[in-house]
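Once you've had a glance at the structure underneath, I'll fire off some questions.
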Amino acid sequence: MNRYNNSVFNPPILSLKQTLQTGFEEDIGFGDISSAILPDKLIKGEFTAKAAGVISGIDSILLGYQILDETVEVQYMVSDGDRVEPGDCIAKVDGPVRALLTSERVILNILQHMSGIATQTAMAVKALEGSKTRLCDTRKTLPGLRALQKYAVRCGGGYNHRMRLDDGVMIKDNHIAAAGSITKAVQLARKQVGLMVKVEVECETESQVQEAISAGADIIMLDNQTPESAKTLCEMIPDHIITELSGGITPETIGTFKDCGAHYISTGTVTHTVTALDISFVLSGTVKSVAE
Amino acid sequence: MNRYNNSVFNPPILSLKQTLQTGFEEDIGFGDISSAILPDKLIKGEFTAKAAGVISGIDSILLGYQILDETVEVQYMVSDGDRVEPGDCIAKVDGPVRALLTSERVILNILQHMSGIATQTAMAVKALEGSKTRLCDTRKTLPGLRALQKYAVRCGGGYNHRMRLDDGVMIKDNHIAAAGSITKAVQLARKQVGLMVKVEVECETESQVQEAISAGADIIMLDNQTPESAKTLCEMIPDHIITELSGGITPETIGTFKDCGAHYISTGTVTHTVTALDISFVLSGTVKSVAE
Amino acid sequence: MNRYNNSVFNPPILSLKQTLQTGFEEDIGFGDISSAILPDKLIKGEFTAKAAGVISGIDSILLGYQILDETVEVQYMVSDGDRVEPGDCIAKVDGPVRALLTSERVILNILQHMSGIATQTAMAVKALEGSKTRLCDTRKTLPGLRALQKYAVRCGGGYNHRMRLDDGVMIKDNHIAAAGSITKAVQLARKQVGLMVKVEVECETESQVQEAISAGADIIMLDNQTPESAKTLCEMIPDHIITELSGGITPETIGTFKDCGAHYISTGTVTHTVTALDISFVLSGTVKSVAE
Amino acid sequence: MNRYNNSVFNPPILSLKQTLQTGFEEDIGFGDISSAILPDKLIKGEFTAKAAGVISGIDSILLGYQILDETVEVQYMVSDGDRVEPGDCIAKVDGPVRALLTSERVILNILQHMSGIATQTAMAVKALEGSKTRLCDTRKTLPGLRALQKYAVRCGGGYNHRMRLDDGVMIKDNHIAAAGSITKAVQLARKQVGLMVKVEVECETESQVQEAISAGADIIMLDNQTPESAKTLCEMIPDHIITELSGGITPETIGTFKDCGAHYISTGTVTHTVTALDISFVLSGTVKSVAE
Amino acid sequence: MNRYNNSVFNPPILSLKQTLQTGFEEDIGFGDISSAILPDKLIKGEFTAKAAGVISGIDSILLGYQILDETVEVQYMVSDGDRVEPGDCIAKVDGPVRALLTSERVILNILQHMSGIATQTAMAVKALEGSKTRLCDTRKTLPGLRALQKYAVRCGGGYNHRMRLDDGVMIKDNHIAAAGSITKAVQLARKQVGLMVKVEVECETESQVQEAISAGADIIMLDNQTPESAKTLCEMIPDHIITELSGGITPETIGTFKDCGAHYISTGTVTHTVTALDISFVLSGTVKSVAE
Amino acid sequence: MNRYNNSVFNPPILSLKQTLQTGFEEDIGFGDISSAILPDKLIKGEFTAKAAGVISGIDSILLGYQILDETVEVQYMVSDGDRVEPGDCIAKVDGPVRALLTSERVILNILQHMSGIATQTAMAVKALEGSKTRLCDTRKTLPGLRALQKYAVRCGGGYNHRMRLDDGVMIKDNHIAAAGSITKAVQLARKQVGLMVKVEVECETESQVQEAISAGADIIMLDNQTPESAKTLCEMIPDHIITELSGGITPETIGTFKDCGAHYISTGTVTHTVTALDISFVLSGTVKSVAE
């Protein structure tokens, strides 16, 4: 069955399937020669958390087995976005021992990476608790994995910045220099983009912020600020314009920007510098022959 | 021109091209709507290290631009495997400003990730300096990126373990349980695999090691050992059998295993928990129109 | 050379290449058996407009030939977005007669379709001349061709609505029913989406419009209105909220909505009901042998 | 289940699946962010004709849902090739509301385009009623969609000309000029092609027709004729040679060529200038939770 | 340069490129680890025939190197369709030693297979010399390689039967049984297929042949005949109907069917049972460093 | 159901699926126009061996039908690796007549090729019976088919040499010349490759063999030997070094090398010169309508 465990439809099912397919082709090659030692028996196994964290990508378990052996059965014990502690069972599986062992590594590679992102996103989100400031990601993702990485950020309580270069305008120093001024750059952008597109302007100084406000920017990104300068600039900006802090902010330092009054803080580290969440797969239970 | 900067032919050119193509399709979508603000001018730019590290994946610069605009010219200042310091120029580029800005993020995402792997591999390799022990990777890689990640490990001075499931036998507890004993599992494997395949046995105890030696294993992996127990077991094993330490060893703890006498220490962290190397791209030089 | 004729970098080069590749594989199959009758000679040819219209997709000429025969040379006489009259030369080409004839149909199929979209978009845009109202497209595009079709709309002077389902929220009757009210649906959306996403609400009645305004919609779509009712509703809506008219408006009827005061009128017909622009390719000039 | 509704096996199932996959990847991107507002409920819906026409591509409904959610159930009320009137129900579906709404647009884009082709083909076929003349298509199709478009022509009662360049020889003016004469061109072709290939010659004048007959053409295409000249030329041609009228004939003018005695009239408009058939999808029935 | 050596444009360039890409990805994997031993030097090499035969697929040499290293230069000494003797030089190449050695195997695998097909086709064609009977292939080809295999048949002097299931009707026993009779099956087919499609009927007996003639078959395939029975049946069939002998005819037995008067003899062995032509690649000449 | 008939998990399921998909796309094109003559009925059929041999690739039957029509049911009568005699039933199938006939050719093309490889491998293996020498394959495979071809070799009782260029070092004359000596080449290789990689050295003379032994080669390949010289050289080599005979050995001559004492004999002919095993598919049983 192609039904998903999660409470929202948003898990990028097509991307997960494609990534699993790519992972299996890459990892299995012409066949798992170690599995030839194994009997053709049915067995049970469990995916278990070995560290505390937030789960993301759990659908990779069922969707992965479906590619190699449709008879494997999966029972999820948690959902994407759930917090787990060491020892918590994530999913119970039941199927031919060869299929379970051949698939194990690729499924874990995806699940651990996505859960790692969700976990460190959740930590950064927690550092902002009590403020109105939301955490968001960037385009600093790994090729082929952006859909999964951005979904994992959402599982950790974060928000997504631009999906790709076609769904938002970001005016940076080069664009400003080319257009002549912030005002001209915003006008040029507005003249060309449609109704669904927001225009964001990157500013470093008060006068830039002032010009971006006058030019009618939808979003002002304050780059490379201290918490103090960020606060000062945010206070200048009317509330209907969204404010984003960016530039060198890491999960470690994010807490110091908590009270600046920005709507969003963006950080590339949640996707470009990921600590895989420790999850293991262990066979268990009694073995019975497939023919039984 | 399709010639590569590096001193070895090994950079996985086909994988780099495919990964860049995937990255561009994913990131550009239906078009870089911000670039419409820019004039159609030629400009110069530089890729510069902002942190100390080891470079890997430099061919992504030229190969990337070739996909979007064949007129961009690239001059490499370093090669893969070279160490850089903050401020070092990695490459100088020359081409249309729109092509340079649209391509920037994807090229950096690849280059920073691969250089991050090379850098932390080099750190782990350095922790083993003075011993005969080599560092090697695992199959804990990200789907679609294994060729690039394993190449980056080599750039950092590390070695590759199995490429995929078809080029080596790894006998673990489940295989031993299924076969009845280490001896029987090794025999079963030898009966089925060809001349190019080595058989590795995972052991935790002295008696397992003893049996693996007698059974004629090519490689013995010692799992979850302390430095002391690892040393004791390594001394038991004749030198023509390769020894590998594995299990929970990180770049931080690897130095304590330096004098155990193992041939290899494997660690998944060099590929599954990567800190991107900070590299930036900045436009520079005088702008001239394409028509000039 | 991979340089493009157009004055903006926006032509979706990666999509064009992919579409041409798909088109050639589909059309040529195992080989153009009629071309075997032809000598291996060089010849000149011209792409000529046979009807008045707006050109879009001109890069398909050079990019197409590059796939089959890199020696073909192309000289563009017009650019994307340019208006042509019957008899106008669009491009001159020079190359082996077999390559020119084998490629002809696929290049024309793309160029005529994209130029057809640009042409009818330009007609609709002209019908709105003198008003502030912009024309925009919808997601009613053909599978695999969306990037090209949306680019063609821009070439005709139109604007793009959502690129895909991930870059904007559209709240329709089913969402409202599910959430309980417009207000609750907007709140639910805002709680989940990031800083770059706008929220649009589809309304048919005054009370719905009133609620959408209060709920803080970024865009209000007025569905299935007469010019009169559209005007009344638009006047209710403060100018910082974007207004869009939609529902059954065609190039023929669009002029009657010109003075309603809406920011945008969207119509699916510009992409789902396309009249190909008549363009022909004719060989010309003197034939010389390839060896000369 | 992968069984198809239609009474012939010919629907291009592999192409439909590929086109749906492409369409979903293109349209959904990283996820349908509007669907997050919806509950995880089961609901019923209906595809309904809003204009009169001929249906083609109905398998896209079931095959489309199978990609996103295998639990959706579909009950077809008509078959491909059937004529529908406004208000007629085409199919009833039953499944999770999120899956139904996320899939809706892509399925409709395919179904409306194919049914549009079938409908205008049927109109042209009707204009030829009472004569022996059949309608056929051309290679003027959209890249990636040829299999679906040519199938839709068959659903409308039309016939297919060449599938691609490898399954038939078409000798045009350039080939004749290159070979020296029609006779030599036909001889050259016959010398090279196999037993399954027919040779068609394009003629404009009586003397060309005379030469094509003598040369043993299988098919003679009469290009750019008036009804009168077409009739004269057709009468010259013995019945065992197939005759085809071509060149600027549209659904509007085709009736005037009805009594020329040609076996086939080909027109590119049925595939390159398509009016999408108006079909809508509306949710209906009672909503129940998935868990029920 | 993307120009081809051959005297006809028909070599399936797109298929060759795709097949080479597939072959390299499959064979090189994550890198040619043996090539790391080699210096980065330029060298010359030669492709040489080690057995007598007919060459096919020579473009794979240049197109192959272009994928891995664009600087390799190729000089062809023969063309596709040419006959070679042991020791004949096929092509001279010049480039980096690593690129030459890494590419060697895949290029040879394609070139030897295609030349093997051309060679055994030429032998079968020779066995028919002096008669009007042509040799043709079948659909018994290897998945992914049909375009190359059918082209190789043409290089050997053979002809192609159907390219695929969509370009010709073949009425076999099952179709006849289903339709009720040969006559009804032919009528049913004619009613559905277009002007470019021929209808072939498979017959074993005189009465079947008689019915196929009356039914108006374009081609009659005589299955499983002796040379005598084939001759008798061929004499029954008027010359405007094409005759094909088929069923268990091999290159060894084909000569005995030479005087039966059939237009074509088809045999699956030329593509399904291939002896690779022995061709080797040897480095030669003086080595110089790339930097020179 | 996605369960496999075979007693080992090793059949390359992902490759088989991909190859079948490729084969169907290539063979069916836009539709099997002959099948339109057939009724929509259920029928039974059988795959039957027409020659003696060894079966390989039987999963292509079920996996193939699943792509086109999931309702087809398959009952396997033999397993991969089983020996069959003429007339033996391989599998019984049950399903719609159109699906069975449209799929037949592609499934047979794969099954006959793989079984052909298994059969001639088994013959070569039999020629070595009574000796310790194993037969192994080479990299002389067809692009896209290597996984299937190497699996077929295993089904015939053979062994696989290198899977691809990344899983083993092969030092040949060019490498030796470049490195300066066998000793230096082996050292260079060992310095760069990881723990799983074996180093093989190609030798022709006694002194080369002597040097390879001293240099610590894992495998020594003896190229172009007579049975006598091979025996002499094998006796020189200590048993812990694996010996491989290679170069021009065919299934016909292999028996003469049986008593040389080598561990392996490799031959390219088992994959590059294949005689398809004769297998046919015949419809049988009573026809019933699908609606029953």
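In this document, chain identifiers A, B, C, D, E and F correspond to the written order of the chains, with residue numbering beginning at 1 in each.
FYI, contacts are C-beta pairs under 8 Å (C-beta built on N, C-alpha and C of every residue); 3 or more make two chains touch, one makes a residue touch a chain.
Just so it is clear, the model here is predicted, and its values are computed rather than measured.
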> Which neighbours does chain B have in common with chain E?
Replying inline: C, F
>> Please report the minimal path length, in steps, between chain B and chain F on the chain touch graph.
In response: 1
>> If more than half of the interface residue numbers appear on both sides, call it same; otherwise different. Which is it for chain A and chain B?
In response: same
> Where among C-E, B-F or A-B does the B-E interface show up again, with more than half of the contact pairs the same?
Replying inline: C-E
> B-C or A-C: which has the larger count of contacting C-beta pairs?
Replying inline: A-C
> In whole angstrom, what separates the CA-based centres of chain D and chain E?
Replying inline: 32
> So how far apart, in whole Å, are chain B and chain D when each is placed at the average of its C-alpha atoms?
Replying inline: 50
> So, what's the distance in Å between the C-alpha centres of chain F and chain E?
Replying inline: 22
> Which positions in chain A touch two or more other chains at once?
Replying inline: 28-33, 35-36, 38, 102, 146, 160, 163, 166-168, 192-193
>> Per the touch rule above, enumerate the chain pairs that touch, sorted by label.
In response: A-B, A-C, A-D, A-F, B-C, B-E, B-F, C-D, C-E, D-E, D-F, E-F
> Which residues, counting only chain D, touch chain C once they are in their complex?
Replying inline: 19-20, 22-23, 26-39, 41, 97, 101-102, 105-106, 108-110, 112-113, 116, 139-147, 163-171, 174-175, 178-179, 185, 188-189, 192-193, 197, 268, 272-276, 283
> Across the complex, what residues on chain E touch chain D?
Replying inline: 134, 136, 154, 159-163, 166-168, 192-196, 198, 200, 219, 240, 242, 244, 263-264
>> Under the definition above, what is the set of chain B residues touching chain C in their complex?
In response: 21, 24-25, 28-33, 35-36, 38, 40, 66-71, 96, 98-99, 102
>> Can you tell me which positions in chain C touch chain B when the two form their complex?
In response: 1-3, 7-15, 146-147, 150-151, 160, 163
